[in-house]
Structures are given as C-alpha cells and as structure tokens.
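First chain A sits with chain B, and in the next complex the same chain sits with chain C.
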Partner chain A sequence: MKFDMDYIAHHNELSEFNPYIKLFITIITLVVTLVLDNLYFDVIIFVIMSVVILTIAKINYKSYLKFLSLPMAFLVITCLFLLFFFGKGQVIYETGLWGIVVTEGSLHYCVYTFMRVMGCLPCLGFLALTTPIAKVLHCLGTLKVPKIVIEIGLLMYNTIFIFLNEIDTMQKAQETRLGYHSYTTSFKSLGALASTIFLRSLDKSETLQFALDSRGYSGELPVYEPKKED
Partner chain B sequence: MLEVKNLKYSYNSNYQALKGVSLKVDRGDMVALLGKNGAGKSTLFLHLNGIYEPDEGQVFIDGEELKYDKKSLLKFRQKVGIVFQNPDDQIFAPTVEEDVAFGPLNLGLSMEEVQDRVTEALERVGMSGFEKTAPHHLSGGQKKRVAIAGILAMKPEIMVLDEPTAGLDPQGVVDLSVLLNELNDEGITIIISTHEVDLVPNYANKVFVLVDGKLIGEGTPKEIFSKPEILEEANLKVPIVTDLFQQLENEGFDMQGDYPLTIDEAKEKFLKLLNKN
Partner chain C sequence: MHIMEGYLPIQWCIIWYVISFIVVAYGIYQIKKIVDETPESKALLAVSGAFMFILSSLKLPSVTGSCSHPCGNGLGAALFGPAVTAVLATIVLLFQAILLAHGGLTSLGANIFSMGIVGPFVGWIIYKAFTKANVSSTIAIFFAAFFADLLTYVATSFQLALAFPAPTFSAALVSFLTVFAVTQVPLAIGEGILTVIIWDRLLAYKPKLLAKLNALSPNEA
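Now for the complex of A and B:
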C-alpha cells in the first residue's frame, strides 16, 4: 500500500473538524509534553493521541504505523549517539572500544529523549493526518504568521506533488532501461536524475511564473474566503 | 479586435522564434492556429497578453496598443486569458476554488463578486462540487476544466488555449470542444493552437498556419485544407474525412472540387452520390 498522507488528511472523520481547535490541541499537547519531560506523561499522551487518531479520526492503523516509522531512523540514530557519546556520571557499561562507555547520565538522556519524541509524534500526527495543509495554512494566516511564509508553503504544497510525480516517472523510465541494475549504474542514474530534475524545476518555475502573470499576479497571493455554507 | 503586426521575437541571437507575424482576429471568431511542434505557436501566444515583449512589432487589442507598464498589463491580461497547455503549470493553489479565485482577486474585485464568479465559472465548466478538492487529486480532463474556469472567472473577451486537447482522452476531447463552442456562442473570442486537424473544421471559422515563425496561410478551413502545398510545408494533413474523399476522386468519382471536412458534410455528400447512381 502506498502511504499518501495528503489523501489521508482529506479523507478521515476529522477532516472537517474545526482546524483552529485541532491546531490548539496540537500546540498545547506538544508544549506540555516538552515542558513536563516526564516518562509516565509521555506514555500517557502517546496512548491518548494514538487512540484519538485511530478510533475517532478512524485512520487506518497501517497508515498510522507508517507515519510513526518515518522519523524512526533519525530517532534511533540520535538516541544511539546520545547513549554512547554524551552524558556524565557513573559508568554502567563499557564497550571496550576506544574507551566508549555508557554512563548513567547518557542512559537517562537517551531514554528521556526517545520517550519525549514518542510522546510528541502522535500530537503532530494528530494535526498532520487529520488536517489538509490548505486549512493549516489558513489558520496560520489568521494567526498573523508572516505572509511570505504562508505563500511559500502554499506554492510548495502543490509543486511538491508535481515534483514527486516527475521524479517517479523519470525513475521508472531509468529502471525500464536497467538504470539501477548495479551499484555503479545506480549512482550514475541517480546523478542524472538529480541534475535533470533541477533543470526541469527551473523550467517549470518559469512557466508557473508566466501562468501566474497571465492572471494578473502582482507579487502577492491574495487570500480567498469561500462562501459560508448555509 | 485582436491584431498582431509584424511581430518578431528571438530567444537568443541564433534563434529567431517569430520572424514577422501579422494576423487579425475579429470579435466572436473561433480561430485555429495550426503548426507543427516548435513552429512558434506558444511563443506567439505569450505575446498576446504581454508576457513576452516583442523585439519588433505591436499587439493591438480593441484597437489599443499593448503597453508593458503594470497598469495596462493588468487591463490587457483581464481581456486576454491564456489557458496553458499543461494545467499543472497553471494550477497552483491547494484547492480548486482558491485557484479559480486567483485571477478575479488580482483584479481587485470584492469578495462577494469573486465568490459569485467562482461558483459561476465552476458551474460553467461542469466542475461544481469540486470546490474544496485538491487539484492533484483530479484527473487530467478535470484539471483542464479547472484551468479554463480560472480564466473564465476573469471574464475575458478573448480566450487563448495552447493545445487544449493534448493529453485528453477521446471523450474529453469531445466534451472540451462542446464547451469551447458554447463559450464562443456566448460571445468569447477563442484562439486555439493545435496540430490535430480532424476537429478543426468542427469549430474553427478561421485558420492560420504557422511554420518556423512565419505565417504561411490564412483563411477558412475549406480554403486552407484545399491547399496541399501549405499543408505539406506545415507538416500537416487534411482531416481524415477529406482524405477519404480525395482518394475516392482518384477512383473516378467527380467531387467538383468540393471535399467534405466534417463527418456531417461527408454524410450529405455520400447520400448525394448514392442517390445519383
């Protein structure tokens, strides 16, 4: 199954739920989790938010696991570094290699960081998986986030899908001609892909500029307020 | 209403894309601009609302010369709307309604007016109900419709479409030509670039043929498709129906110089020939 976060955000039980409340809940739970820095609370918030995501928003558990697994590689690497290279205090385990040791402090550090991230992930997931980006950006707009940030987000949001599509097509075209058959060809193909995608992006950005100008773009994206539904 | 005079444009010193193009389009016309890939069709189109500034020559709209300052550009871009070949290049907003609203908002209209225009434009192209949809969840044909709605919402007098049928399925092509015919009946002048000749006689009342940055022919579809030398130079063919009748003539049927261009004309002609024998 392909993991399409955007599709999930548009098609779940909480998509139409007031985005301000969702944003508020996310920020509050994030802040509280970070400030409290308490292992029990981390577990509790993880369980509560996961339950909300799975049962109230009714998001498929496979998609949710996929979402959780995405940052896992970073998290594990970070925690390993913390475990072996940071912290002071009593040595509790000696690796015997170049004097690398695990100390009480580093273990504490590692566990707390891991749990804190695990607590925060579902909080972010709650927003990211249930709210279409357009709505998040609108909220931020009314909350007086600088316009330039929102405009960049807005333009990026749509172009990123075109970009990904383009990469996908090109990669398939390369694979068809055995571009990823061996290590050396893989490196070559990937290099060619990267440079082509860069040139093509420049090209696309020019066309997008023309299209925007054609409709009277003045350097600022106007904000549309949809009709209130009766 | 739209006049282009001796337009020249070069991308760089080695390559002149337009070598002095002059043409005139009247109000209410439905014009087809024919030419092979790289003939300069898109380049010409980008001159019509001032995206490109020509090296030489002028563009006139409603008898007024196109100027390149900010205020006149806004005015001319409202009058002349361009629908780009690839809707992905044009649609940028996260939802359909926001994209359609983009043009009217730039014109400085009130929010209620913009809302009305968005509803109207989406209804016009048959995309009501997709207001909140993300564009990348739409099919190619639907994206094209949204792109057209985005231009319609600006209430242009002239609508320019760069190869609008490219990438559409057969039903999509038929639906699109029906829509364009309706818009034309409602008074919008339409200019279409294409190299699919079969449909041209169905909608166009005027045809221009562009080859290597030069205009080599203009006239009604009937006139253009009866000049093999022009078609050959432009790498084009006659519509498939016309081809059939030209081959029938070689078999000994006298067509009296009148070759049908569309299915309807062909039907009439067949019935006539059958009744005669």
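Now for the complex of A and C:
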C-alpha cells in the first residue's frame, strides 16, 4: 500500500506522545545536522534516530527500511553524478572515458552530500512515522501559522483518502477493460481518470460545504483532544 | 522528483525559505480575501489542493520507464492564479514530505520556490497571454502545463547549481540542466497532453465554472 506511512503514524508507541516535543526534536536535529555538516555526527544521528524509531516507537524494521529506500534511488544517482561531473582540485582517479575524472572536490561533495542526507532522513522519519498529520497541523496552528492554511490542510487531508478509494476502484475498472493496454490508451484512461476525479471533487466540495454549514461551521474545526492515560 | 531532505547546505535552505515565505504570505493574503468574499470557496480550494496531491501520486506512463508524475501546477495556476497555487503547493509539498517521504522539511523552501512559485507563475503568464490573444483555451492550457512542468525543473537545476557551483556555476548549471531539464521534456509533453484531456472534460461538463473563475479566452466565454 502506498499510504501505509499514515497507518504507521497512527499505530506506534509514540503516536500519543506530545507532538510539540516531537516536532521540536525533529527540527533541532535537522538544523544541527545541516549546520555541523560533519561526517561523524551524520553517522551518530543516523544511529540514534534509527534506534529511537525502531526500539522506542517500535516500528517494524521492514516498514522503516522501506521508508529509507524511497528516496535512495534518486540519492545514489545524484551523488554519482556529483562524483563524476563536479571536478575541482586534484585528480584522484581517471575513468578513461571521455576525460571523466574524480577529483578531490567532487569526492568531497559526493561523500558529504550522501552522508548529510543519510543523517537527515531518520530525523524526517521520526516525525513522519510517529506523528499523524492532523496533529502536525494542529501544532503548526498554535505556532501562529494562519488558521486558514491549517483549515485547508485539514480538509485536504480528509479528501485525499476519499479520492484514493475512488481512484483505486476506477483504476481497477479501467484495467479490467484493458485501459492500460498500450501507450495511447493509458494516456486516454489516465486523462479520463483525472478529469472524472476533478469533476467528482467539485461535487464533493459542494457537499462538504453544505455538511459543514449545516453543523454551524464558522471557520474553525474544533478538535477533541483526548486526555492522556497515565 | 523534489530536492530531498538534507541535500542542500544550510545557507541555501534558509535563503529559499525566506524567498518562498514572502510569496506564500502574499498568497495567504489573497486566499483570505477570496474566502471573505465567497465563504463557500474554501471547500473548493481544499479539494483542489487534494486533487493536486492525488495528481502527483499518479504515475505518468513515461518513455524511459523512470518513475515520474505530473506536477499539476500548470492546471492550478490557470484555474486559481499563481499566488493561490503557491499556498496550495506548500501544503501539498508538506504532505508529500510527511506522507510519502518525497521531498523534505529542510528543502521545503527550495521545493516551494520551484514547484509552487516559478512553475505556476510561468504557466499562468503563458496561459493569460494565449487567452488574451484569443487562442482557444485548450491550446493555451497545453503550453501552460508544458512550460510550468519544464520550468519547475529548470528552477530546480538552478537551485542545485547554486548549491554545488563546481567547477564553476555555469558548468554546474549546464550539467544539472542536461540531467533534469532535457530528460524532463518528454514528460512535460506528457503532462501537457494529460492536462488537455482533463481540460476538455472540464470544458464539456463545467463551462460555467471555468467562466466564473475567469479562465477562458474571450470568444469562448
């Protein structure tokens, strides 16, 4: 499933933990990792955050590996790219192909960028895997992010999951009718899918507005915050 | 393909955050004005944002077999204008970072700048220019979507070249442009075609809405 990160965020040992502290930890660790830009620190933060995610939040190691592997292809490609095409300084290694060389400068870029991303990913993962989006938005709301943005965000979050179900059904229907058989038909099917979703979404927005209005919506969605169990 | 978490050095994260913040703040001001005038447009904005998110999670059939997705920012800009699209793109990018590990929090500012500001703004200018010249809106939306998608990646190349200026800024820019922008051309054409198909349906089923949003050329309205 594509959105199992949302499921994980709702079902782990830390999902009831104070979201402000989680947001604070994430931002501080990210900023410190970027500011220090130190290889040893990158490794340390990677290990610490991974341990926190795996043992304290008790997230399945398979899901965690999957989370790490998502940006990995892009990361490896761009780092190799940095390694071979961003020469500066002394030549360390010659590939013998079209004069492409590895230099001190490019090796530095490659290693430091790779390690920095590896240090930052678990920090993002700590927030993404343990905190439901609604709580993140709620936090941002009390941190003076305009109310209108938070509201649109919350309404959006609701709608995304409704759409996903519909898309799933429609895509299956299209597939059973050979809708993705060739290149041209898949374009047609995808266009039909997207436009149908958009038209549905317009209807949905109307219904949503009526539903909100009829329940006395005045521009704010009060959310029940359950008391913590001791 | 957004810039990932931790990819940019800290000074560039801050610079892009500051630039994006100004534009997004203006967009929020615009949204507030729209919502004050017509309160029922809030749900429309939210649902359009969700549509942008969903569109970016659909896989575009691509020639190279790489995983690529439509940005949807050209369509958003043609419908709502660039400032509002910037705000929607900000929320979409935040969701993508937290729900899909796509992009990141530290690189959020840079990603907003490329996907939420440069792309939609260029798309919007092209769309307005074409419709002002009385070209049919279907052709206009193709070029708007094409350039919005392409310029998003050109902007990304600029950002990366500024962050990694080796051996020189221009050499870095050329390398990044070859990787990101040139390979993106077929995908941008794909997004253009997809957007035209969507637009055709909209034109057939909801012409009144498009006219109300002021998104049609004079002879169609």
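Note that the second predicted complex is superposed on the first by the 182 of 230 C-alpha atoms of A that agree within 3 Å, B and C clash if a C-alpha of one lies under 4 Å from a C-alpha of the other, contacts with A are read in each partner's own complex, and residues count from 1 in each chain.
We take it that a contact is a pair of C-beta atoms (placed from the backbone, for glycine too) under 8 Å apart; a residue touches a chain by one contact, two chains touch by 3 or more.
This is a predicted model, so every value here is computed, not measured.
Once the two complexes are laid over each other on the shared chain, residue contacts for A:216 go to chain B alone; chain C is not touched.
Using the contact criterion defined above for the overlaid structures, shared-chain residue A:191 touches chain C, although it does not reach chain B. In the superposed model, A:208 lies in contact with both chain B and chain C.
Contact with both chain B and chain C is seen for A:6 once the two complexes are overlaid on the shared chain. After overlaying the two complexes on the shared chain, residue contacts for A:134 are found with chain B alone; chain C is out of touch. In the superposition on chain A, contact of A:106 is made with chain C only, not with chain B. Residue by residue along chain A, chain B and chain C are tallied for touches, and C comes out ahead. Of the two partner chains placed around the shared chain by superposition, chain B and chain C are both touched by A:157. In the superposition on chain A, contact of A:224 is made with chain B only, not with chain C.
Chain A uses residues 6, 133, 155, 157, 159, 204, 208, 212 to touch chain B in one structure and chain C in the other. Taken together, the chain A residues at the contact with chain B in this complex read 6-7, 10, 132-134, 137, 154-155, 157-159, 161-162, 204, 207-208, 210-218, 221-227. Contact residues on chain B toward chain A in their complex (touch as defined above): 46, 49, 51, 70, 74, 77-78, 81-82, 84, 86, 88-95, 97-98, 101-103, 105-107, 111, 114-115, 118-119, 131-132, 134-137, 150-151, 154.
Those residues of chain A that touch chain C in the shared complex are 2-3, 5-6, 26-27, 30-31, 33-35, 37, 67, 70-71, 74-75, 78, 81-82, 85-88, 105-106, 109, 113, 116-121, 123-125, 127-128, 131, 133, 136, 146, 148-149, 151-153, 155-157, 159-160, 163-164, 167, 180, 183, 186-188, 190-199, 201-202, 204-206, 208-209, 212, 219. Across the complex, chain A is touched by residues 1, 4-7, 9-10, 13, 28, 31-32, 35, 39-40, 42-51, 53-55, 57-58, 60-61, 87-88, 90-92, 94-95, 97-102, 104-106, 164, 166-167, 172, 175, 179, 190, 193-194, 196-198, 200-202, 205-206, 209 of chain C.
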